[in-house]
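Let me begin by handing over the structure; questions about it come next.
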Amino acid sequence: QGAAEKGGTLIMVVQPEPPTLASYQSTAGPVGQVASKIFEGLLEYDFNLKPIPGLAKSWAVSPDGKTVTFSLQEGVKFHDGKPFTSEDVKFSILDVLKKVHPRGVNTFRAVTDVKTPDPLTAIFELSEPAPYMLMAMSSYESPMLPKHVYGNGNITNHPRANTPVGTGPFKFVEWQRGQVIRLDRNKDYHKAGLPHLDRIVARFIADGGTRAATLETGEAQIAGFSAVLPVDVKRLKTLPHLGVTSKGYEMQSPLIMLDFNTTKPPFDNVKVRQAVAYAIDRKFVLDNIWFGFGRPSTGPISSNFKANGLYTADVMNYDVPNRIEIANKLLDEAGKPRGANGVRFEIVHDLTPYGDEWRRFGEYVQQQLGKLGIKVTLRYEDVPTWLRRIYTNYDFQLNSGWIQTLADPAIGVHRLFHSNMIKPGTVFVNDSRWSSKETDELMTQAAVEVNPEKRAALYHEFQKKVVEASPVAFMLELDFTTVYNKKLHNFLVSPLGLYSSFDQAWLAK
Amino acid sequence: MNKAARLSNLDPLAASPPVEALLRIDGLTVDLPAQADRRHAVQGVDLTLSRDEILCIVGESGSGKSVMSRSVLGLFPSRHVQPSAGRILFNGEDLLTASPERLRELRGNRIAMIFQEPMTALNPVIKIGQQIDEVMKVHTQEDRAVRRARVLEMLTAVNLPDPARVLDAYPHQLSGGQRQRAMIAMALVLEPDILIADEPTTALDVTTQAQILALIREVQAKRRMGVMFITHDFGVVAEIADRIMVMRHGKVVEHGLAEAILESPKDPYTRALLAAVPSIVPAARRNFDGAPTVLRVNGVSKIFRSGGGLLGSKARQVHALKSVNFAIRRGETLGIVGESGSGKSTLARCVIRLLQADEGEIRVDEVDIASLSGLKLRSMRRRIQMVFQDPYGSLNPRRTVGQLIAEGPMVHGVGRDVAWARMVELLELVGLDKRAAERFPHEFSGGQRQRVGLARALALEPDILVADEPVSALDVSVQDQVLRLLSDIRERLGLTVLFITHDLRVASQVCDSVAVMRYGEIVEMGAVDQIYSDPQHAYTKELLNAVPGRQWSLGRAAMATE
Amino acid sequence: MHPGVLYGLRRVAHAAPTILFIVCLNFALLQLAPGDAADVLAGEAGSATPEYMAQLRQNFGLDQPKYIQLLVYLKQMLSFDLGFSHRYGMPVTDLIMSRLWPTLILMVPVFIIAVGAGALAGSIAARNLNSWKDNLISTASILAYATPVFWAGLMLIVLFSVKLGWFPVSGMEQVTAFHVGTARILDIAHHLILPVLTLTMFYLALYARLMRASVLEQSSMDYVVTARAKGLTERQIARRHVMRNALLPVVTMAGVQAGAVLGGSVVVETVFAWPGLGLLAYESLFARDLNLLLGIFFVSACLVVAVNLIVDLVYSMLDPRIELR
Amino acid sequence: MNDMLRRFFRHRPAVVGLLLLMAVLGAAMFAPTLYPTNPFALVGKPFQAPGGEYLFGTDMLGRDVLAGVLYGARTTLLIGLVATLIATFVGVSVGGLAGYFGGNIDAVLMRLTEMFQTIPFFLFAILLVAVLTPTIQSVVMAVAIVSWPPMARLVRGEFITMRNREFTQACVSMGMGHARIIFVHILPNTLSSIIVTGSLMVATAILTESGLSFLGLSDANTMSWGFIIGSGRSVLRTAWWVCAFPGIAIMLTVMAINLVGDGLNDALNPRLRTL
């Protein structure tokens, strides 16, 4: 790699344009990609998903797990020159994240108070142990905000929401709507000699083909979160000046699945659900729709969690060669015989409205289920309509969905399967409305279990049960891809990938 | 060419040495495209035109007058209409073989032209002054100021009021007569040797027409031009012609000095044409004393308003009818005469209630039709029928003649068979073959179409017939046929007729009494012979005096009675 | 007061109900669409709690009855306040203004070139009827018209940006450079070429065809014969007489189209990542950003009214028979 | 009539257009015979280049592009025709009533038309399709709703002219009812301009549909050209043929319709006969 070179402007394609820069109240991906350069969190993470120092130089968890003490870095200043103190931590956690952050409300549920004995110490007091909390202290999940700025006025509608002030390596300069956000180097950054880059520009390009072309011509140097469509990635990969990686998404672990409405026929019948799970050839979907960027998935927990032992492959296997045969048999058993025209029953299949791949996926599902005698009509609506239908009205039969299972199953997975997560009007929670005492119990225990082995065992059991009952059919573990120009170095320093601060990234001249 | 004319020493070909002829056409033949109904627009035409004379060219519509005259300037109507034989010699130079550049040099400069329709012949979006100036701009090197002075001078010369204003006016801001004067100014601005005027007064009303004719004569005399004047109106011919050439089917049928042809036409066609020209002396008067009044119009007024919006732009008003009164007795024919825009059509439309009068009453057999509506109105309508002016526009081009005629009765509840039978009768009555029922209007000539319109009106067996300029779009000979037919039917069916026209000759032949309109008012009304022989109102006098060729007409009438 | 000014005022007064109608119609239509801005924000965030969503709805005023929402909006509109975009977290007016310039920068040249060059091409074709020039222009314009715009855009990018590298792939300016002054203008012009080309092809074809027909029609008018009889050359006749009259229908058409054109072109903006109003409207629709969408419809309706006014003025200049009433 | 046909067939481009259009119609008619399975069927290996086993190649899922193009002809023509019919019906009704009756009816209807014309055309279509969810019906509706105002204006103009023609006044003076005058006398006379405008409207409808599809707003269950382009757009650089063939199909069809429209214009408009 050689020595880091100073200076240069990094152009980063961000898709879509972030609606806001208030990352303390929106977890939308594009917001995080930009805001993580401006705000910092108390902790960062290494590739083993272990916390490492961030704004906190050290931390300690009491044996009962109910007190967490953070010691803050010295000499950290906000972009406006004011010092960063434990008061800001308290404000950020209690007044902002716990109240308005979509996930923070859950993450910090157990936090009853934050004590600030001195400006460099923040002590979190918890009502019960929260092992997952330490996994959610990154700048993306839990940004630290200046109290003197965001403490005045209504936080949900704050005037500085789109002109953010943080402690990060880059300062917000301007946002030309529809075009770019410009961030300039923070000269007073607390890590000496960093950042290397002079400037980061986030560009917004609506068309996928055009995004690929900007990387191809060198107009932009990096595009993550599959902003470059899989098909183009396959092509760009072969170009000498571009690199492609799937690293840096270890804390997202997106899963693709088919959600059944388990409360209504025909999918209230486990055999019908299993038949569908059998019918889909995951390899075909992976190769032809997502162009090989991922793996067939086996269950609710991503194989990314092999590292900390939570994942198991020892579950019911739907990927068998005689899949159609088995599926037909299951449907016969379920009492769904073929009619005169070879059709067993008709369903409507809703498609996730987030892009072309999902339409192709739907079309494929339609064809595969057709082989089973299930006549599928596709329904493709816009995002708000679809969200309403699926998560508020539950007016669907089969839905293609995806979810980021995030840094810990307790944060990312429980919400899909726990019966207390059947919450009409709340998006990306348990839409199949599957509820089972057994798995509820397993999840509740695992959430507070501090012993890693025991926790793993609970989750292994959970995976077996869920895969067999198949409230959703697990399809793929998706790999997000980052396409980057090989002149760009050192941008990938943590599992947060593009959600990290880029303080060490540098561009070769 | 007529043998008698050739022998006569009046023949210019024989009498005048060729040098004196400004223009000489030898055996000009112009071909028509293959699918046309005849092969040549113009066939073997010879003529000469010398300085100081006005040559009038007459003939029926489509006889090739326009094509022939435009050939002189090389202005053929389309790529498919081209000369195939003959020469056109201008001062000895053959224009047919002249280069386009040479032709352009002559056009507007040595040979100028005035067209019939003064509105469309001027470019609507360019100022009059500029359009005249353009002629000088292309043909001379004069500078702006000189040209401008010259344009002003010309506008003054053609008697345009306030020439400075006209200079900067657009065509639509001038009246028809003023536009035609502007055209004349444009044609004369470079003092051409030859002026070709293609029906320059047809679109104008009589008084304006008379002024324009006087103007052309005056200028012609002053500048010693040769004028080729095309018209189908013998009144006009009598007024200005030195020599006359009669055309038919693209050929010259007769050619000679004006008096000779007007007094003693040789060719049968010329004779027929002249015979068809209606006399200005009223026909014998019929008596209607004691007949009941069928139509009574009392104090009818109509104002047209236009413009005027939400935020009060100035609304414009035209007082088209001002308290008009008249009554017609059964069997009588009342003529309404007056120049263009005097309110004649408005009156007709009020009478048949296509327009609602603002004030006054219109009584048919003492029933006020203004008070009727719905079914009553619709059944009243059949009692008053109208024959429209335009034989092209008043027949739906997509319906057969049979449908057009039979439809009226059927709308009023007559059965299909009965209506059809009546239609066949009517076709016979108006002198059309019964096979005509299957054909569409465009397959008929103008006169035939006007007959169809008449048959359609009669199909409803009306008591009153309103005829709004039913013959003004027709050729004299065709006009004559239709007028004869009309009076014949009027007699036979005992119709009461309201006959609207601006042609005083026609009115004199058709009407029992006439009303003279001006600015929406009836200025004088009375028996036709009385009005024509002893007009009281100044306007009536003016109108009668303006009829072109009046003296000639009177002379003819006198001769006829001798 | 000057009659032109009065006329303008009257036209504006005339337009007010139209604009109100458009706002109400779109408001009503959007009510038919399921889902609201809170759903979208939550969806984008990837997660949300019911409390959070309720809070959002309250903030956005979405908890109010529909008619109150409409009344509130209309009231704001009367004071020329287009409200607040919740998704973008800024006033709609600012947002629209920041996107209006790119739209105008793109659309005004397109329009001028399309009308100008279209009229020229059309009259050349008409004057050389059935010659190779006419055939070429007619064929090319029918092909250009028939080619879907997005397709043409994609092809141009592949050819000129990717293969030849002559033009930038997308965007309005080279953002890294943060050029100022002339450098910026040149830079924007460089970026402008492909999108303008793409859109112009389509519109130019339209105007070329219209102009050709119009010139042909005018050429058969009597005043052309008069001009010929004056001794003008064909070229002079075409330039001085026919052109002005033939332009009239073209101007009318331009007036009708200007509105749609000023709304931006969603498709071209998508393909070229042009930060225009069309794309903004498109995004705001799918984000159920009601205020923003209504604001855009409002602004483009105002633009249409303004353009129509200008077109009418131009028309009355070209055609003296028209009086402004 | 014969005269009209003769004039039409004399016009060589129009004949070429007609032949092309017949070919498209043929494709639409014979698609089910040629491809009895549906066009969404995954028939072969994905991304096969054209000219091999499949004449137009296969797309990313292994669907036969040729089958898609043939079936797409049906949808595309259907959308074009139905939308045009609706728009024509609405436009003729509104324009006809306004032009015939004039006065307040005219004022109200024309204001309404004006209002619809003030709305940005394509954006409004997007709004409608998004609101009504992208199905064939809603695309048809959207295209129809944005297309009727020009037709209404045209028909109004024609009706005003016809209304002032003497033959209409003759009808009134004979005591005919409004319905008879409108349907028997005026409408047939305006038919030729309606047909010409309508034929060009079909072309616009097809382009609009393809634009909507490009943005992903097409019916997911129906094969159309716009749909194939929309889906092939993301693989444009690797599998050009997926976009190319339906793109060419749109181009040729729109061109054909325009040529036929021009031919009709010449044939139905006697004024232009000499040109």
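In this document, chain identifiers A, B, C and D correspond to the written order of the chains, with residue numbering beginning at 1 in each.
Keep this in mind: contacts are C-beta pairs under 8 Å (C-beta built on N, C-alpha and C of every residue); 3 or more make two chains touch, one makes a residue touch a chain.
As the structure is a prediction and not an experimental result, all values here were calculated from the model.
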- Message: Please report the minimal path length, in steps, between chain C and chain D on the chain touch graph.
- Response: 1
- Between B-C and B-D, which chain pair is linked by more C-beta pairs in contact? B-C
- Item | Geometric centre distance via CA averages, chain C-chain B, whole Å | 51
- Task: Could you put a whole-Å number on the gap between the CA centroids of chain B and chain D?
- Result: 47
- Taking each chain's mean CA coordinate, chain A and chain D are separated, in whole Å, by 45
- Query: What is the distance in Å between the mean C-alpha positions of chain A and chain C?
  - Reply: 39
- On chain D, where are the residues touching two or more other chains? 130, 233, 236-237, 274
- Task: Identify all positions of chain A at which a residue touches two or more other chains, and write them in rising order.
- Result: 209, 381-382, 385
- Here the pairs of chains that touch are A-C, A-D, B-C, B-D, C-D
- Sort out for me which residues of chain C touch chain A in the complex. 33-37, 39-53, 55-56, 59, 87-90, 95, 98-99, 102, 154, 157, 161-162, 165, 168-176, 178, 269-273, 275-276, 279-280, 283, 285-288
- Task: Spell out the residues on chain C that touch chain B in their complex, using ranges where they run on.
- Result: 6, 9-10, 13-14, 221-223, 225-233, 236, 240-241, 244-245, 318-321, 325
- Message: Looking at the complex, which residues from chain C come into contact with chain D?
- Response: 17-19, 21-22, 25-26, 29-30, 32-33, 129, 138, 142-143, 145-151, 154, 158, 216-217, 220, 256, 259-260, 262-267, 270, 278, 281-282, 285-286, 293, 296-297, 300-301, 304-305
- Spell out the residues on chain B that touch chain D in their complex, using ranges where they run on. 78, 349, 352, 354, 377-382, 384-386, 388-390, 393-399, 407-408, 411-412, 453, 456, 460
- Query: Hey, which residues of chain A end up touching chain C in the complex?
  - Reply: 9, 11, 16-17, 19-20, 22, 26-29, 100, 102-103, 105-106, 156-157, 161-162, 176-180, 182, 199, 201, 203-207, 209-210, 213-214, 216-217, 219, 381-389, 391-392, 404, 415, 423, 425-429
